[in-house]
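Just so it is clear, A, B, C and D label the chains in written order, and each chain counts residues from 1 on its own.
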Amino acid sequence: MKNIKLASRETKQRTIIEIGDLKIGQDFLLIAGPCSVEGEEQMLETALAVKQSGANMLRGGAFKPRTSPYAFQGLGLKGLKILEKTGKSVGLPVVTEVLDTRDVSWVCEYVDVLQIGARNMQNFSLLKEVGKTKKPVVLKRGMYSTLSEWLNCAEYILNEGNPHVILCERGIRTFETYTRNTLDLSAVPAIKELTHLPIIIDPTHGTGRVSLIPPMSLAAVVAGADGLVIEVHNNPEIALSDKDQALLPAQFDQLASEIWDMRAYMKKKVVSYL
Amino acid sequence: MKNIKLASRETKQRTIIEIGDLKIGQDFLLIAGPCSVEGEEQMLETALAVKQSGANMLRGGAFKPRTSPYAFQGLGLKGLKILEKTGKSVGLPVVTEVLDTRDVSWVCEYVDVLQIGARNMQNFSLLKEVGKTKKPVVLKRGMYSTLSEWLNCAEYILNEGNPHVILCERGIRTFETYTRNTLDLSAVPAIKELTHLPIIIDPTHGTGRVSLIPPMSLAAVVAGADGLVIEVHNNPEIALSDKDQALLPAQFDQLASEIWDMRAYMKKKVVSYL
Amino acid sequence: MKNIKLASRETKQRTIIEIGDLKIGQDFLLIAGPCSVEGEEQMLETALAVKQSGANMLRGGAFKPRTSPYAFQGLGLKGLKILEKTGKSVGLPVVTEVLDTRDVSWVCEYVDVLQIGARNMQNFSLLKEVGKTKKPVVLKRGMYSTLSEWLNCAEYILNEGNPHVILCERGIRTFETYTRNTLDLSAVPAIKELTHLPIIIDPTHGTGRVSLIPPMSLAAVVAGADGLVIEVHNNPEIALSDKDQALLPAQFDQLASEIWDMRAYMKKKVVSYL
Amino acid sequence: MKNIKLASRETKQRTIIEIGDLKIGQDFLLIAGPCSVEGEEQMLETALAVKQSGANMLRGGAFKPRTSPYAFQGLGLKGLKILEKTGKSVGLPVVTEVLDTRDVSWVCEYVDVLQIGARNMQNFSLLKEVGKTKKPVVLKRGMYSTLSEWLNCAEYILNEGNPHVILCERGIRTFETYTRNTLDLSAVPAIKELTHLPIIIDPTHGTGRVSLIPPMSLAAVVAGADGLVIEVHNNPEIALSDKDQALLPAQFDQLASEIWDMRAYMKKKVVSYL
């Protein structure tokens, strides 16, 4: 692909990103947690549950990119502090989205991994700024973006000196209305042909329907994904954002168990493409 | 969904379509064969191979809907005769696409299953005509169609008295160019919430790349698909259509084995959504 | 463009299609009339009005391609007879959509111009069948189709010996929901660079909103369109299809007057691209 | 539309934005100039020409949001200084794109109008930041965005206290490849039904082809647009960005003359929707 140099599969076989004992790109990354950080109790209860189910990273939004200025915009610094504290207390690294170049350096003080959201995929200033840090970056695919455009955005980060990019497919916009977006699982094997960077799947935003998250999660494992990010909330009905698409801890627990089993099955049995 | 009556999940739990011993909707349907019927030897060699690998239906196009009038349009009646003969000699039921209302009744003499292609999904005259037959119909999703529009097309067939409709997702058009289309696997669990009709996946047209067919085929099984239709050619390099996306018999054999294993695994292990 | 031969601008400067005194491709074509033929009074009243306003062709559907099998499907032969009679009595040529290869030859007995609808743009059997007649054919663009695919469909008709194809842009599907479709006016100058065939615009389906039809109609004239097709109904509130997007005769009268004035202005003043 | 309050047509008939004598939303806004500021001579020569042709605002990019990190990224501060100097010397207000929240306040020192590009339409931090200034903001529509999402972004700016938003349609992404994007002219009358904010059209990015700019510019005037932004370069062949879509000064001069004539014609003659 044109201009894809540092991110190209031709330059490297595979990127492994280490966070403590976790080797992303080799170990399966299972990120779970609520859409937004809403309070200490919500975070702790959810974090304990997902850790118990085998999640190895905790998510939680402190800055929320909302379509309307009148929607809940996140707790900001207060949210970051809760996220950091929760992660430490349960022993999970934490990831959060960053929206503004001015926030990058100080947000790094609180989290292990930065996330660039779909709407900011081509916010080139922000890409350069996270490229100047040492933190791993989850780079979500824009909802109208081609694989080539997405890899060019990874290239922006790599080109600033940060090699730790994790691609995340989260659904593209199509004409379908039954689902919130259309989860493009074929991006997984396609991306693996094009780049050495790990790719994870977000079935929560990718489908927007609780009932579709389990089948699409397992299908993602089978397609070869390096991880999943799944929204879990201890009480979705009172969630301040995305309440219709969060799993309950018990639902996540059942699913996580099937995910780990499927991953083991894949490693043992499938030889045609892995 | 508006106007979905006969096809609605509310009217029935599940449709099972019997062809000989094969129970579609209960048994896994594995259709294989070339894009176009090109000759007796090609068909027989390919059919023997795919039967050996466990395929339980043979495909082959006699009428080809091609973008350009100057492209190979299929062998027509001659192709149908070869398809019928091959199916009988290897012991597989056969499916072929029909393009014209005038052809429906006599094509039924040669094949077990009719196919409506993506470009004809909303050819309402053709839908009504196949609805007047007793043959099972594979109804492909239009490449820009919503689930609601697709089910309305199934409704056209059911409303004429033919209850034997098999839905087939074959990729939708998106902005991506690396793949030929974008295979929408989330359509599988979504469709199962909406209708009792079986749904199968076409990873060949859905991706248009040989390398993506194995991962997307297994992912389809895991998403809950009732079957797959995969293009196999004994000599893709000389194929008259779709030569870049047909599997060799040996590639199909490896994949089919993994498909059957995965299907067995799913039946045994996954309880969260099946 | 690949495979565009007979339709290519390289083979010919401009196609002029004569129907009586009307020279399509040179004179401006203004088609008006209801979505569906519903009865004699409806047709006569509407036809008299649009003729009075300067329309030079009458439209009316006898076979309606509806999303649901339970929606009004048109009056069929009865509708064709009403359309023919109305056209003769007011002195306007008539156009109607044909959906089925079996209907083409006998429908030709009743109308001056055949229409292929957007959903049938790639119904290649139907294209070949209308290509065997001598009737001019209005070929609508599929709602997800590229210009190249559209011209290939025109090529199907031309290749059968019928050179009288009129292209009609009627809106493409996009993510926008405020309008029914997105009218692609840039298709007008683009198509004129690629082919010698005339192109007309359907702002009714292209926007799906009465209020947007006047501005988009005049903009189409200015973009260089060879004509317009506009739905007019003498009593939209009781229309059996498309009632929310039909103009009243009085609205059409005002608009038609502005259309003719704008066409005259363009012919006199604009030199940069006409 | 949901959550559209300050931007809604229900709150106000029409926004007029004054810059010197220019009343945007009442007078026709004709912005011209190169894609990127490349040097003093380029800017002065182009600016003198477009001013002569009747342009009433000068554009020029100092920060370029490019798909690849290896493409020309703009001259930055040096570019801004050249832009400011050129604008003053020819007597035209100037507009430039801003990409980073950290740049907003100091960029305001050099320009009259800020632009938010399509890729940053949902960069909510940036929207809030420009909303805190007093400068008029040209807000481009995202290439996959609905009108509702776009107006919500305007709402972000208005909600911070800056009422001076100019909407700019610049083409949406579709399946078409002949044009760079698909210019959605129906957005003009649609937006005028929904909001009091002025809307201008960018036919340069909207089509990406020099030959389509004149017809689409005049069509935009007729659709009711409040202005146009057109790329003009004194020597497109050596332009550092967008060289295939810039008009020569002589081409712009011819077009501008037709634009002004058409605007006058519209004001005098068209009554059905203006």
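The working rule: a contact is a pair of C-beta atoms (placed from the backbone, for glycine too) under 8 Å apart; a residue touches a chain by one contact, two chains touch by 3 or more.
Computed from a prediction, not measured in an experiment: that's the story for all the values here.
Matching A-D against the pairs in A-B, A-C or B-C identifies B-C as its interface repeat (over half of contact pairs the same by residue number). Taking each chain's centre as the average of its CA atoms, chain C and chain D sit 34 Å apart. Chain centres here are Cα means. That of chain B falls 48 Å from that of chain D. Touching two or more other chains at once are residues 144, 173, 175 of chain C.
Taken as a contact graph, with one node per protein chain and an edge wherever two chains touch, the assembly is complete, since every chain touches every other chain.
Against chain C, in their complex, chain A makes its touches with residues 173, 175.
Residues of chain D that touch chain A in their complex: 2-3, 5, 65-71, 99-102, 119-120, 122-125, 128, 143-144, 149, 152, 155-156, 159, 173. Only residues 144-148, 172, 174-179, 182-186, 188-190, 193-194, 206-207, 209, 211-212, 214-216, 218-224, 251, 254-255, 258, 261-262, 265, 269-273 of chain A touch chain B when the two sit together in their complex.
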